[in-house]
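One structure is given below, represented as structure tokens, and several questions about it will come after.
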Amino acid sequence: MQSSRLEAFSDGVLAIIITIMVLELHMPEQKTFAAFFHQTGLNLLTYLLSFVYVGIYWNNHHHLFQVVQRVDGLVLWANLHLLFWLSLLPLTTDWMDETHVATDPTAAYGINLLGAAVAYFLLTAAIGRLPGGEELRKALGRGVKEKVSPVLYVVGIGLAFVSPWLGQVPFVVVALMWLIPDRRVERWLAEDRG
Amino acid sequence: MQSSRLEAFSDGVLAIIITIMVLELHMPEQKTFAAFFHQTGLNLLTYLLSFVYVGIYWNNHHHLFQVVQRVDGLVLWANLHLLFWLSLLPLTTDWMDETHVATDPTAAYGINLLGAAVAYFLLTAAIGRLPGGEELRKALGRGVKEKVSPVLYVVGIGLAFVSPWLGQVPFVVVALMWLIPDRRVERWLAEDRG
Amino acid sequence: MQSSRLEAFSDGVLAIIITIMVLELHMPEQKTFAAFFHQTGLNLLTYLLSFVYVGIYWNNHHHLFQVVQRVDGLVLWANLHLLFWLSLLPLTTDWMDETHVATDPTAAYGINLLGAAVAYFLLTAAIGRLPGGEELRKALGRGVKEKVSPVLYVVGIGLAFVSPWLGQVPFVVVALMWLIPDRRVERWLAEDRG
Amino acid sequence: MQSSRLEAFSDGVLAIIITIMVLELHMPEQKTFAAFFHQTGLNLLTYLLSFVYVGIYWNNHHHLFQVVQRVDGLVLWANLHLLFWLSLLPLTTDWMDETHVATDPTAAYGINLLGAAVAYFLLTAAIGRLPGGEELRKALGRGVKEKVSPVLYVVGIGLAFVSPWLGQVPFVVVALMWLIPDRRVERWLAEDRG
């Protein structure tokens, strides 16, 4: 199968995930800004965080598939596995909101992020097996961000049991860390073609 | 009409189906993992099963359309017929969840899967009529999985009346059986071009 | 703007409309088929009707854009106007369901279909102005189905005030009439290229 | 990254935003047109306004990306930033509806439109940096509409505190002003190629 089809489908799923999260946000019944900030203000922040995370995955997803033209069944399912974890983000985000950032929901959010990170790692491994993939392995080689992210998720999950708000810190740090799209693959492509 | 348009539209519908199912999952109002596993744990499993089924249909759908370039009105409606059955999956999945896997909802889920399987069979027949389609007929020729799946769905529907949980077994077996994408078409394409 | 972009966007919107309608279907809280048929059976029929209508518009939409390569601002807004009416279908379908096919909701459904038909007519007129469009005007020239459909919608709206169920008849007739995709454009294209 | 991918993803998100807004519309439980106009009539108008706004952004979005072939990380995030603001439109529209166009919700709607306008401005600036972008800067050069729109939004936000209905006027005026797609870029492209 051509990777373009898989990318188009993934684009569709990610576009839906990023957009339906807003359906979980509920405006207050009162008509004042005070009520809005009290009831929806927090949700808006967690929505923003999850929005950024889906955006990050979308960005990196594309960089990933720039090196291969065709994919096989394993890549296909590794990709669906990643989409499965990402599709749960609206749910865990919502739980965190509804419970006003309680301990277990924060840990659940971290587990969700960790699951997506593991799925992303497995996807890169599955692509690495394909023709052209060895270049991806080289490009991602040292992969500092990939190695640091899961560690930070685990730290966040642990901190959630100390204080749920403290647990958010590593999640926000990873998001900021990844906001810069993966220039390593871009660089490698530029060098290779240059 | 070019088959690429039909595939893009189907991709869109399947992406939405696979993603909106998560909207039917509801997190507990309590803030503990115990409450989560009690209320949402089961739903997560049925969600996973339906997610895999939509993933399977997406995979096989693409293999199907690799052999034809252009489609006619009959293929178009056979395809919409398949999408209709798949669009009901979030509904029957939800019913099964809400009733904690009761007898009739499990049978309804099986009927939904059976309907999709029949629609898929009709779609392959409609494509088989087109130029290039005789190759698809040959490739799918013996079609063991295609013949076994509906039988297993019927077994599952029957078993649901013995025990709803037992009825799930054939549904899971079919899903596992299909997780491996249809290599016959791939093989035929490889041979043909080789 | 190239028509391919407009088609892709319309495909997306139509895919979402056709799929979110299922979110309006609600399964019974009871766990029996009897409860299902009593509560959801009717909804399933109206869902099927609206599903077929969106399918019809999707089919004809593509035929329409096969004759032009580039579109202008007027076509763009004529297209969004059509999508607006179609986006209301889930709503009027739902109202008809919730009121168990009452008079006014049935008339509202007919008005929705009529609005979409008028929007479709305006879209064909807007495309007819473009280079290549005069061929479309010729191809659709006598346009029996296009002229009969609005008349039947008006008849259905009128009949709704006699009996809502009677009012459904013309809506179903139009759907069946259009199930056959528009072969006139296909034929013209075939002749032109032949 | 090629701009076509970014456009496809944005198309998907915009198609979902424009369509899920209809999910916020609720039909009356009564079965009369009177009840419909009383409960849903107003919502339909605000839905129409937001539908037109998303349509406008979709139109202008495409014109924007006609001048560049490849985009970088900054454009990517500037684009996601715009989509974030637009994804909030269903929410603020709904709040305005639920409160029957109260003061703060009207101002919130205006702030949402203002946020999107600022994000659009930042996106044009980010694209203007790219090869080919200086032409866009020239084309949008005097940008009367771009400069007038934010001013009118601020006027609308201010007027909302006088009378929420009066506050709607500038929002409707901007929508009407933009209904004509951006011919400046089209003109420039035509001249450049001519």
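Note that the chains take the letters A, B, C and D in the order they are written out, and that residue 1 is the start of every chain.
To be clear about the criterion, contacts are C-beta pairs under 8 Å (C-beta built on N, C-alpha and C of every residue); 3 or more make two chains touch, one makes a residue touch a chain.
Not measured: the values here are computed from a predicted model.
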For chain B placed onto chain C, the superposition rotation in degrees, Cα atoms, nearest 5: 90
Residue-number overlap at the chain A/chain D interface, same or different (half cut): different
Relative to chain B, chain with the most remote C-alpha centre: D
Distance from the mean Cα position of chain D to that of chain C, given in whole angstrom: 26
Chain B and chain D, separation of their C-alpha mean positions in angstrom: 37
Residues within chain D bordering two or more other chains: 8, 12, 15-16, 20, 23
Footprint of chain B on chain A - complex, ascending: 1, 5, 8-9, 12-13, 15-17, 20, 23, 73, 76-77, 80, 83-84, 87-88, 90-92, 94-95, 98-99, 102-105, 107-108
Residues of chain C touching chain B in the complex: 7-8, 11-12, 14-16, 18-20, 22-23, 25, 27-33, 36, 48, 51, 55, 58-59, 62-63, 66, 179-181, 183
